[in-house]
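Same chain, two partners: chain A is paired with chain B first, then with chain C.
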Partner chain A sequence: MINWREKIIQLLLVGAASASILIVLLIFLSLGKEALPFMSDPGIGRLLEYRWIPVSFKREVFGIIPLITGSVLVTILATGLMIPFGVLGAVYIAEIAVARERAFLKPFIEIMAGIPSVVIGFFGLVILNPVLKEVFQLKTGLTALSGAILLALMAIPTVISISEDAIRSVPKSIKEASLALGASRLQTIFRVVVPAALPGIIAAVMLGIGRVVGETMVVLMVTGNAAKITFNPVDSVRTMTATIAAEMGEVAFGSDHYQALFWVGIVLLVITFTLNYIAQKVLNRYRMK
Partner chain B sequence: MISKKGKEYFIIGLIRLATYLVVAIVGYILFDIFIKGFPILNWEFISGFPRRSGAEGGILPAIVGTICLVTGAISFAFPLGMASAIYLNEYAQQGRFKQIIRLAISTLAGVPSIVFGLFGLGLFVLFFGFGASILSGSLTLAFMILPTIIVSSEEALRAVPTALREGSLALGASKWQTIARNVLPYALPGMFTGSILGIGRAAGETAPILLTVAAFYLPRLPRSIFDQVMALPYHLYVLATQHPEAEKVLPMQYGTALVLILLVILFNLSAIILRNQFRKKIQW
Partner chain C sequence: MKVFERTLLLLQNLVKNSIDKIGLFGLWFVIVGFMLSGCGNKTKTKEASYLTIKGSDTMVHLASNWAENFMKAHQGIDISVTGGGSGTGIAALLNGTTNVCIASRKIKSKELNLAEEKGIYPKEIVTARDGIAVVVNPENSVNTLSLEQIGKIYTGAYTNWKQVGGLDQQIIVLSRESSSGTFVFFQKRVMNKKDYTQDAMLMPSTAAIIQSVSQDKWAIGYVGLGYATEAKDRVRMLSVRDADSPTIVPSIAAVQAGEYAIARPLYFYTNGEPIGVVRQFVNYVLSNEGQKIVLETGYVPIN
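Entry: the complex of A and B
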């Protein structure tokens, strides 16, 4: 009698745990299902053109290359800001800050991680963009740079908390050995502790990059959304995420444009999946040691 | 000539500066929104309906909409996440199946929010025919916050000492009896913490609800789970970028941003406090 109940409960729990697998499969399937017809008509090659002009009286162009370069530009800039501030922040919190500082900084970082992206975007729109416009003498402050600054702010908490974990899990004995050999505090931090924690820090940065690539609202609001191929930080760009968010509301369901947007979603999904997969592999191997 | 020690202090100072620069910028963002949003906050703003497409009046429908979506999301995600965590921590053997589940969870955690939106649109809105509705939006948000809930629930379960399980099993209790009476009661506060963090995240997300539920301007309250609703983050987005008089409605934007941020910080702070209390109280 009781045996039956136990079996049923276990079965239910297995079912719940498998739900995550099912959801991931469903995500791939439902995106694939909407995107698939594009492959035969108008043909997958159309996605590889250099312009994105989805609405036109003459010929619609669905080249996702400018959207990819837009995302790449914003991501590179944001990563350049995120790495120094994120890693130094983690070093500071883990190794330098006194207990009372840490008691303030750690919850603050968590609060920072929780600020909704639309609020950050709003701040960018009303405060940061006018500043950038003034500083760089631009016609508009809606630039890749302003998106990158805000995205870096959003990804820094991820980088700090995972890097800090990695730094803290470096065995104390290694640190003490270094100090005992006469190395200074900074030498110990940068030549012993940080190298030992490096795999964890790399994983943290990759997860941060994943967050930057996938962020939507900030780039939609502040980067100007001009679909062109450029590598000038103070140019306006249009990212993959912003394209989906801006255009999905206005397309006819099932149209070529609609399917092209789903392809953009698939490209995004594949990029973030790869980044995450590698980061998890690195973290797992690191934990096993 | 700067001494070696002086140089060391200088570099430590630089690292401190980098850390506090980030703190200062975030502090400034919060400060700016508090100062400029606070004068707008009054009873009419919180409890009134918007007029002239949001240029006047209040934001009640957006607040109610966000509360509906969050409640819906958590009531799907909490039981599912809790059960997953119980399976992973208490039942699953090390092996292939567990690895695949873990991979799925970390994949889910990394899926961009706009892709969740596409998924919700493709599956719930169109395939299941729920339309743009609270139901579609809640389900989409639920799947988005599921990894957060699973991971923190697992952490809470792991913190319960094995001795408690062994004691109960040794007294003849079955596995489920042990879990239900000797493990879960101690793990529940930790699980709630994770859920509150999930709620905070669901309340602030815009991209997933953009495609699955959010209404541009709908000055009434929802009647069923198949209704569209306004939501705070989307309302802020619309006022800031889509409104014809975006400059003039700046105070309304600040007010909405403040209400949203207060809501999210309230959730996150209570989760942090609850967790710290819990850690202090129970020491094995």
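Entry: the complex of A and C
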């Protein structure tokens, strides 16, 4: 009897686990199917040009390089902002804050994670962009930096929550040993507790980066969407996600442009897969120690 | 207080944007008839019939306003309006899946040939006009530009306001997204079919262009005349000069008279002369009442 029930449960679990694998495979397949004809007709080399001009009376250009550099620039900037705020915030909440502070801070940070991206985008357009324009003496606030700040804002709650869990799960004995050996509280936190929690913190940051790379609405609204290759934080960029969102709705089914957009999707997917893979590797290496 | 007003305006824009977006993705947009026939007196539905309108995203908002008001006056007639783009609408007309095609461009000769093959005779009706205003920040000293100058700014040949008689400041070029019909119309009419400069910032909506132009002193953008008029305290419309014609201040009258250069007609296409309910609807659209709605929606009436 028990055996029979266990079998059913096992079957259900296998089904659930493989369903997600199946779905991912189907996503890859369908992306590939739509994108494939592009390889022979306009030729895959067309994707490596330096400009993105999908609508033209002369010659359409589908170089995805500016879109990749756009996404990369925004992601790097957002990560740079996210790590100090996220990790230090987590350290404070986990190690320094008293119970009352924690009871106040935690729910607020979790609420922040739930703000819809379109609301954050409007906040950026109306409040952040004019501020950035003043501070950096720019002509316009529609910049990669503006997108990065907002994306960091969206990712920080994730980073804080997961890092905090990691820091709090560091065994008390390690901390006490450090204190008993004469280390100060600050030394204990940064030399003992944080390194011990590092795998969890890295996983948190990687998840944050994942959210930043995939986020669409905010960058579409505030980065200006000019498809050019630049590494200047106060220049306008066009990210891969914004390009797909802005152009997919109106593109003629099966056209070169349509297929090029699927290629953008594939590149995006490959990037997030690579990120996850690296995160796993890093995590495993620290676990070994 | 000012902040409050601005927030309210933004919320309005948000709603407008989402309406734009729904049209963009070609979703079913108006299902008003359902509701109306539900509350109306059911015994009265003698002329029960169903009408489909499909095509240009520029016109979806306008067409659904027409449809809504028409259905209020005519119990029992259901109208559905769908976007998808002018090309989609014409294809639907040729396949016989729509009664009326709305289009922000003329039917192409290729499409006409295809229509003849299928035994369909598209009848063209001009239902409204759409003027595109070029807007700058109120603090910008430039008042007038020629079509050629605007074209050069958008293709990237001019990058500084002093090249067109303004101050020594870099020009910030704002455009609609490439999925917008206005993007292509502007490229054809103003830019001589050349490509946009890679520095052009592509904004997801008209509201976003107005927002940016009102904030950024050295920006230039283009928006529908209706929107520009509505936002005239935040952005300034430029007067436009075509080759050797006089300088024209964009206005509804100037578009009607065919004097303002950056304007286009908005069409209905039906299969042959419209008859029955379609005729009734077309008549309504061309009537004073229908043209009043054109004005209210932000477009230019035909007369």
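Heads up, the rule we're going with is that the second predicted complex is superposed on the first by the 260 of 289 C-alpha atoms of A that agree within 3 Å, B and C clash if a C-alpha of one lies under 4 Å from a C-alpha of the other, contacts with A are read in each partner's own complex, and residues count from 1 in each chain.
Here is the rule we go by: a residue touches a chain if its C-beta (ideal position, glycine included) is under 8 Å from a C-beta of that chain, and two chains touch if they have at least 3 such contacts.
Treat the numbers as computed from the prediction; the structure is a model and nothing was measured.
K.L.:
Given the touch rule stated above, what does A:F273 touch, chain B (first), chain C (second), both, or neither?
P.N.:
first
K.L.:
Just chain B (first), just chain C (second), both, or neither: which does A:L142 touch?
P.N.:
Once the two structures are laid over each other on A, A:L142 reaches chain C alone.
K.L.:
Mind working out whether A:G249 is in touch with chain B, chain C, both or neither, as first, second, both or neither?
P.N.:
Both partners.
K.L.:
Of the two partner chains, chain B (first) and chain C (second), which one does A:P116 touch, if any: first, second, both, or neither?
P.N.:
Once the two structures are laid over each other on A, A:P116 reaches chain B alone.
K.L.:
Taking the superposition as given, does A:M82 touch the first partner, chain B, the second, chain C, both, or neither?
P.N.:
neither
K.L.:
Is A:G224 touching the first partner chain B, the second partner chain C, both, or neither of them?
P.N.:
Only chain C is touched by A:G224; chain B is not.
K.L.:
Go through the superposed model and pick first if A:S236 touches only chain B, second if only chain C, both, or neither.
P.N.:
In the superposition, A:S236 touches chain C alone.
K.L.:
Looking at the overlay, what does A:L13 touch: chain B (first), chain C (second), both, or neither?
P.N.:
first
K.L.:
For chain A, which residues belong to both interfaces, chain B and chain C?
P.N.:
Correct list for chain A: 118, 122, 125-126, 220-221, 249.
K.L.:
Can you list the residues on chain B that touch chain A in the complex?
P.N.:
It comes out as residues 4, 8, 11-12, 15-16, 18-19, 21-23, 25-26, 29-30, 32-33, 79-80, 83-84, 86-88, 91-92, 100-101, 103-119, 121-123, 126-127, 143, 146-147, 150, 174-176, 197, 200-201, 203-207, 210-211, 233-234, 236-237, 240-241, 250, 253, 257, 260-261, 264-265, 267-269, 272.
K.L.:
Enumerate the contact residues on chain A facing chain B in the complex.
P.N.:
Counting only chain A, the residues touching chain B are 2, 5-6, 9-10, 12-14, 16-21, 23-24, 26-27, 30-31, 33-34, 84-85, 88-89, 91-93, 96-97, 105, 107-108, 110-112, 114-123, 125-127, 153, 156, 184-186, 207, 210, 213-217, 220-221, 241, 244-245, 248-249, 253, 261-262, 265, 268-269, 272-273, 275-277, 280.
K.L.:
What residues of chain C sit close enough to touch chain A in their complex?
P.N.:
It comes out as residues 6, 10, 14, 21, 24-26, 57, 85, 87, 169-170, 172, 177-180, 183-184, 187-188, 193-196, 198-204, 208, 211-212, 215-219.
K.L.:
Inside the complex, what are the residues of chain A that reach chain C?
P.N.:
51, 53-58, 66, 118, 122, 125-126, 129-130, 133, 139-142, 220-221, 224-228, 236, 238, 246-247, 249-252
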